[in-house]
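Order of writing sets the labels: A, B, C and D. Residues in every chain begin at 1.
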């Protein structure tokens, strides 16, 4: 089943790359990023507005203001936007500004949030819990369907294992497994799956080749000064290189899905 | 630091056993269970009222009605009660009836819920996330402290590993690690840690011996007919046997903590 | 660093596919398989001769006889052969017949075997231990170098995690990590990484795309009657389809490595 | 089934504590340690002679000389000795000096070694592989039985999980699981399970309480100068304290097994 978000369609002819910063930090930051990723070929914009941290002195996200800035950046560049909703009490507010609601890894088991997000009617980007099996992820999607919302895109973002060389272990085989198990589109998040800038493009290639329906990538104008996730964010230039790197693989993908040669 | 819940004090002279059903199912079920566990030596009563399930036809818990029944059973037997709160929107309701709020495993990373539960002023029973490190658990507790509530009891309930012989892998060493890292009382949940009735009493003994501050145990009048978690629930008779089984170990525990011999 | 095995060179211009049965079962079986995989484009032949099992009544492999049959099948088809050596006492015998010695997953930590295999002077295919970190795998390779043998090809074959949908979890990111860490060629074993026939071709594509130097694939004339690993073995026809499936991706791989277009 | 090693009997009336250094380093070191642990109540002596390391400049163990020193220390103190055998080629040599052969974690899957060690006729201490399930461990034991040697003691020594606070995660529940599954005695190695000196005594208490048949503990005259595993080795004084710490728990254990009060 394909899932539409504005003019974009996951699970159909398009290979959908979502890009943007971990957190919306300022008007200038999100607008510049939106323009850069749109120009490089991204089809959707991401950006977080709620970033609860343990320390009350840490950056907690811009909240409602961030949502407005994200929506505006989306309008100006023609990109639909996706952002995380972290509590059932936030669903109405977030649904007002976002084209797609993201359920984060730590929320995959939050039934109250799944129900409220499903009820919003917005399409959902459901990220896999850090230690969730593919069966449990399929159940979480099924729960949202039961609550009346079948417009769900799943996202493999790495699981927790004994490995310490990367932030998480990218379970790339979850892509075909989840596609078969649920019939839903599945994308990959190489930024969180690895947490290491140099590994994002290789994992993106593997995701295209295994048949993922898209990618979600963290991009920031100046990763070294990012307020969160800097170490795994790409610069604009690195993002352009990633898009070039995956292009021929995406061409084969596209040819196989659509029966036409996408090569130039 | 010790944590008081009514007349009970975690982390002090008492070894605190919390017992009761996974879910409150009926007035008769919770009252009978409360009486039986109180008589066997339990010092607190547990019971869930919200049991969200994927299928809309499955038992979802009794909701507010369950909270009232639990509170009544607690009053009649003189046992303080603890029950899980699953959403920040439920906190006020649950805090009205419960002496202690439980944050479940799947909610350990739910910052909105941690903040709301902390703000209630009720003491908290914080269960470890299935794949949370001890450091992450200490951070979740710290987050609640930052929100003004230092009355937190931690609960080791098993982690997810490659093992399949039991529901989870009981990380018994987390008990002394968390005690040192946080200064908070730590109890063990052998029911969820193993998921196997025959292993509950052995794990309970190990928990006492390693220095845990208490236990939380699932008990049901008729486990084979329980609406949830039947396979890991003890009968009244099995619970009495468990209390007898741990008694001499708890005696040594008590003697070492309190400097007096608790042996009979 | 590239590693030569006969006319084959791992880590250089060639994408090397090794194929063959889990175990050598008969002259006819290994010869037919060698011919079929050679025709489909495989560049090396695999086949096990020692299959120790708990039950003394189970098939234990053909032993020395299997080595001879494997070597003969290799000669007749022009394919170099690789086979597992399981004990330091077997090294001389196996090195007499095999062009490359395989150290299996369960042996990665067997220092005596690593030393003896290194001393044979034969090139080595070192498989990753089921719960070995990439650093530990690099150390095992380093140990063989210290024993005088730098001709080592590493193989990612899946790690043990909480997942149960597949036999192991394919840690695809280990490919670029190990390449950087060791400078050695790294191949992928999708047969053991997944244990599921339908997932072998998708993982093979991902391996090519992420930059692996080759693949090792289990192929059997009649998988349903295989004496071991039938469920993860491909038929000749399925192996031909796999080779066709990865061909365009391998074309891009080749073009990037060699600076010439390998398409068509 | 109980397993005799000289006058010691695992799985019967005795709670058996094995103690000694990670590696035999010198005559003085092993003799002094043997005397100290015997005086403190240990019933067997441990010490490694083969310590293969990647670097040829690292301490590799004393080899045959170490075996002789260990055997002599055992004789002088009346303690049976156990030491690791790492290769099937070493079995005869080690069996000449040791009362019990240890199969290490990394060797649990080494079928050639299991067969050779079984054939020696010596009782075996089989340590659990780092990522072996309890079923796989039972199969390894069964394999040795099939090779004619039923005198096997199993050892839980921690498994590999996502946790990083300790060297491994002590899977304490494996003790009753393995006892039921195999009918064999099961002991615990808190030194390797935790890798942290302060946690050894707490885990030892938990092991006694859950019903383990014994412990194996690393002790060294001067852990800060130990050639291996210093961070997890106890001083003589710390070992005496551990023995005092577990004594009352072992008293209850003994009373329950033997039907007599072991309290003083």
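Definition applied: a residue touches a chain if its C-beta (ideal position, glycine included) is under 8 Å from a C-beta of that chain, and two chains touch if they have at least 3 such contacts.
All figures in this text were calculated on a predicted structure; none of them were measured in a lab.
Colleague: Starting from the Cα centroid of subunit C, hunt down the chain whose centroid lies farthest away.
Modeller: So the chain farthest away from subunit C turns out to be B.
Colleague: Shared numbers divided by all numbers used: is that above or below half for subunit A and subunit B, i.e. same or different?
Modeller: Over half shared, hence same.
Colleague: Which integer distance in Å separates the CA centroid of subunit A from that of subunit B?
Modeller: 36
Colleague: As a quick test, compute the distance in whole Å between the mean CA positions of subunit A and subunit D.
Modeller: Roughly 49 Å, centre to centre.
Colleague: Quick check on subunit A: which residues sit in contact with 2+ other chains?
Modeller: 131, 160-162, 164
Colleague: Across the complex, what residues on subunit B touch subunit C?
Modeller: 131, 160-162, 164
Colleague: Which of the residues in subunit D come into contact with subunit B in the complex?
Modeller: Within the complex, subunit D touches subunit B at residues 131, 133-135, 159, 161-166, 169-173, 175-177, 193-194, 198-199, 202-203, 205-211, 248-249, 252.
Colleague: Mind listing the subunit A positions that touch subunit B in their complex?
Modeller: Interface residues on the subunit A side: 52, 54-56, 86-90, 106-107, 109-113, 115, 130-131, 139, 142-143, 146, 160.
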